[in-house]
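Got some structures for you, see below.
Next come two complexes built around chain A: one with chain B, the other with chain C.
After this line comes the complex of A and B, so read on.
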């Protein structure tokens, strides 16, 4: 009886496995933040299922683990992260918990989006005296839409390596994305061209790539050092500078203290503009291009109103 | 079943580690010093912040660890010195003051350093889902040592917390014993906060002890009830949050809410019992 029982159990297990096989045919992709999730879905289409770890309204520097995130990472074929130390505070322990060799650093399933991107703000001396400065450079490079081209091509290459049969689909999705990106880039540059050289204040050095791409200057921050909450003397200096140089637009993200921004803005009748670096935080921004679109429109409107 | 692969070490942590917290909880509730755990954890944070100011990286090296322990011991000394026989000032007030001053001092110290506030918080406040094997084993070894000490000296510690006059009559040095109590308590609390966070440490200390106090007047029974409540709430919470995937509940808060449910259940049982007792008496 015994071998028989074992045999039927094995058969049962095999049936179960084969029953689940078609469902697992789609590549399981995990993205740390939603811009990579949105791009992965756009490039992968039906051939991938995408899970995003951080909520778009959550500070990407600090993410608290939930069970589903560890399960998703345990089963993932591919993990897309921003890199440049953005997720350094929470991704390593999640990876430890997930025990998945396919997505460890250096594995073929690991996409580090910052690879191949020219980063700004790389500190000359790699010490910690400059605050939570990322030694690798400023990790908010996806806010220069031109960098998204490098990232989608990187994602498509990794998808193709995992799913060669989908290569044609991925390539045509990349091509379609790039056509739309180029059209939008012209639109965005035109919308912000009238404000070339204008300064804006931001809470954190999030918008350095964005401003450089569109000819704005975002070099004044409410944080005295990246990651350090504003101190009164620093805020006083910022308000002084805003008055002296007539800076009247201040960008704030969902997880940054809006009250502080409003108090600073009030001193110079500046406008506080709600923006976000992640698709999904602002209604109507489910894709990456929609997100940049809304941010460009909001910044252009605010600059126009303050002219 | 991913319970024994993905969630093995959280499960082991929730089964093995809280026992000693329940024991300390009986003392803490008996003494009426409910917030002393948070104050000690905050003092340890001040120690780590100071290490960062001195140039250490908060994540590795001996200095942060040594200063966290050193500050915890200093805090234990402070608490043992501020227990007065005829208190004009309740000790809970002093605990509150120590907590808030330690928290503010840590902010001041960190404002002089480059590390963000959040970085220290991340280090101090763990997430039970991410606990590693070595963390669980190291902490378990510490708890076994502290547990053995308290087991052999259980009569002394019991007198110290519940019958101070008798302890004095027996010639015990209250301040010295109090220091030993707070020092071991501080080590236990600080290491558990690192694994599981502030909410869980507070729940494990207070709720099982209160449930025990509601349902029995004997110390041994209270301890047994407390252990039962702690084990059930912890394991059920982990199962609910990991196996009920459509809900995707964060583990720590799920366990804390289960504790709240257990407290209501204990309260209702105690209430029903006392009504029956008064009815049969009349």
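After this line comes the complex of A and C, so read on.
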């Protein structure tokens, strides 16, 4: 009886230990939003498993800090965040709950995507009467595809530090990504080149980096100030500006109020174009390059139709 | 009387402390600019200069490194000339790939100490002539007209690589117009213990149930549920102590916590409380701490599941076990279960729309000593209470909610309103102009044996939030 009991105790202990040990050798990566998740999967391949916190279709400024994400972050080897305060409303409580020293600020497992990226729209003062401005600057920098080059480098460097045996894989995946990015960049630039200097209207200042990269102007917003809901007088001014300056394309994201955008567009026979900033929000956009590709194509088509 | 005076003196000292802290804070930027004055400042100044030089040196090294990286990249692909103007992408393949707009990191705007200040002000009235008895919470509206419910200052940040800390100092204005200062919370939490462990120590809200550890501005209603007021007193269950939490290695969220805290004071009204106060009609006496069982012990378990992409539940069970102050070896045991369910669509905008269902059920059993003068025998009383509330964020920034509240227990002690039955029904409507402000209108219908008659109250609440306030848990 006794040896049996001891044996089963040992077995139980072994089971417990194996439950706490990593289930597989793959690096566990948590990404705050899906463009980082998609890039991590592209660079890491089979050597990583990726969990993304925010759903690609939801407002990234307001994500619930769900407890299941605390579990994912507790087990994570690597956390990829934008780092420009987009996630400030939900990442800190998740990190507190996750109690994982590997991904704390400054830890080797923490990837801050915006490190080394020049951010736009840095406010002169931290003043909330100017709306929900981000002190660090506009956090939607991943919509300039050139910035993805910086981010994949960050990701690859951290992956290599955690999994030196995978360095060659990561390097070749980065190289392959960059080749495809460069080819696409030429394609995208050519597609949007005929519309250089054209203005577009957006709901929120999400498309500042995108328009800057491709020679468009996205300086008119349905929100009077970032994060502040559109007021009728403001919308009237926007409609007047669209009429006076012949602005005929209005971009709207999956979570933004489409009816408001439609009402404004209808006034000037403008086109409402469905775009998004996160891979997975539109069918056929599972990778980052597919996402930018669809956005460029839709914007170019709309601008052409309205020429 | 003496105790009161001591309290007043302590408050005075505390106010003086806050005042000097504020003065210090205000002086900080001035200090950096003013010429080196007295000796201690001069040394400090030297140290700061030393740190600055050190920092600049490191920055220069980093910049050099960055420049080296940049030039390496530039060799591979000709970089854009630095220019504030948007650069068109080179169209011809011969121009090569564009270089990223690399300049500086955008991770500015971070402080060592996050400061925030939250104000909750109420206005309204009630048919009740004794609103302080009707409203059981210390942050509830207390009078016809206006009430400063809570002015909460929060100091929060990372202490070092091992701890974070948070201090909540609250100010209120009581019915007599007197300002009351209270050290509500002051605790440190570990950040990097292994094996899913986390330690918290200091003065903090006991992690019992869902609502007790929440600050008033995070509540979905103007006032706290009746059961919280009756079991934990007006200011919630909180004390000095320590808490150990373990995130279990399960696939779902599963956390076990145990809190040990002092069991005396005005925030422990069901336990050792304050001598001179009463519990079920028995006067509270001084009681020594002879063993660990004379402290407040609060185990809790909580688990959460994502039912789908849009639905999450969080369930918990807690117990608060400790001595009470009616006599030697007298104990109070409070058990509670809590549940929270939230639905939010995958294309939520500003976090709306949503449905949130939240409820707690608690049962209290207290063995109390006899009170011969009042002809009250030694007895064990049990009572229970709970609330259930549904909130519907029907469109961006707007929420309607309904809460039903109940408390009541043994009828063995009819003279004590601490056991008599009460019901409350509270519809509420909230509008959030932004996430930093809100306006809330709430009606309360109060009914029950503890009241002489049914009462009707209407309250309007304003919240404003300044500064960098830490985000809330799910």
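Assume the second predicted complex is superposed on the first by the 284 of 307 C-alpha atoms of A that agree within 3 Å, B and C clash if a C-alpha of one lies under 4 Å from a C-alpha of the other, contacts with A are read in each partner's own complex, and residues count from 1 in each chain.
Note that a residue touches a chain if its C-beta (ideal position, glycine included) is under 8 Å from a C-beta of that chain, and two chains touch if they have at least 3 such contacts.
In this text the structure is predicted, and so the values were computed from the model without any measurement.
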Room on chain A for both chain B and chain C (clash or fit): clash
Which of chain B and chain C A:58 touches, first, second, both or neither: second
Partner chain(s) touched by A:149 [first = chain B, second = chain C, both, neither]: second
Chain B versus chain C as contact partner of A:45, first or second or both or neither: neither
Chain B versus chain C as contact partner of A:231, first or second or both or neither: first
Partner chain in contact with A:214 - chain B first, chain C second, else both or neither: second
More chain A residues in contact - chain B or chain C: C
Clash-bearing segment of chain C, relative to chain B, as chosen among 7-15, 187-195 or 331-339: 331-339
Overlap of the chain B and chain C footprints on chain A, listed as residue numbers: 61-62, 64-68, 70-71, 74, 89-90, 93, 96-99, 128, 132, 227-229
List of chain A residues in touch with chain C within their complex: 19-20, 55, 57-59, 61-62, 64-68, 70-71, 74, 83-85, 88-93, 96-99, 101, 104-105, 112, 114-119, 122, 126, 128, 132, 135-137, 141, 144, 146-147, 149-150, 178, 181-182, 185-186, 188-190, 193, 196, 212-215, 227-229, 254-257
Chain C to chain A touching residues, read off their complex: 66, 86, 88-91, 93, 97-109, 158, 161, 164, 189-198, 247, 249-253, 304-306, 309, 312, 314, 342, 344, 346-351, 396-397, 434-436, 470-474
Residue ranges of chain B touching chain A (in the complex, touch as defined): 2, 5-7, 57, 111, 114-119, 122, 127, 129-130, 132, 241-242, 245, 248-251
Residue ranges of chain A touching chain B (in the complex, touch as defined): 61-62, 64-68, 70-71, 74, 89-90, 93-94, 96-99, 127-133, 225, 227-229, 231
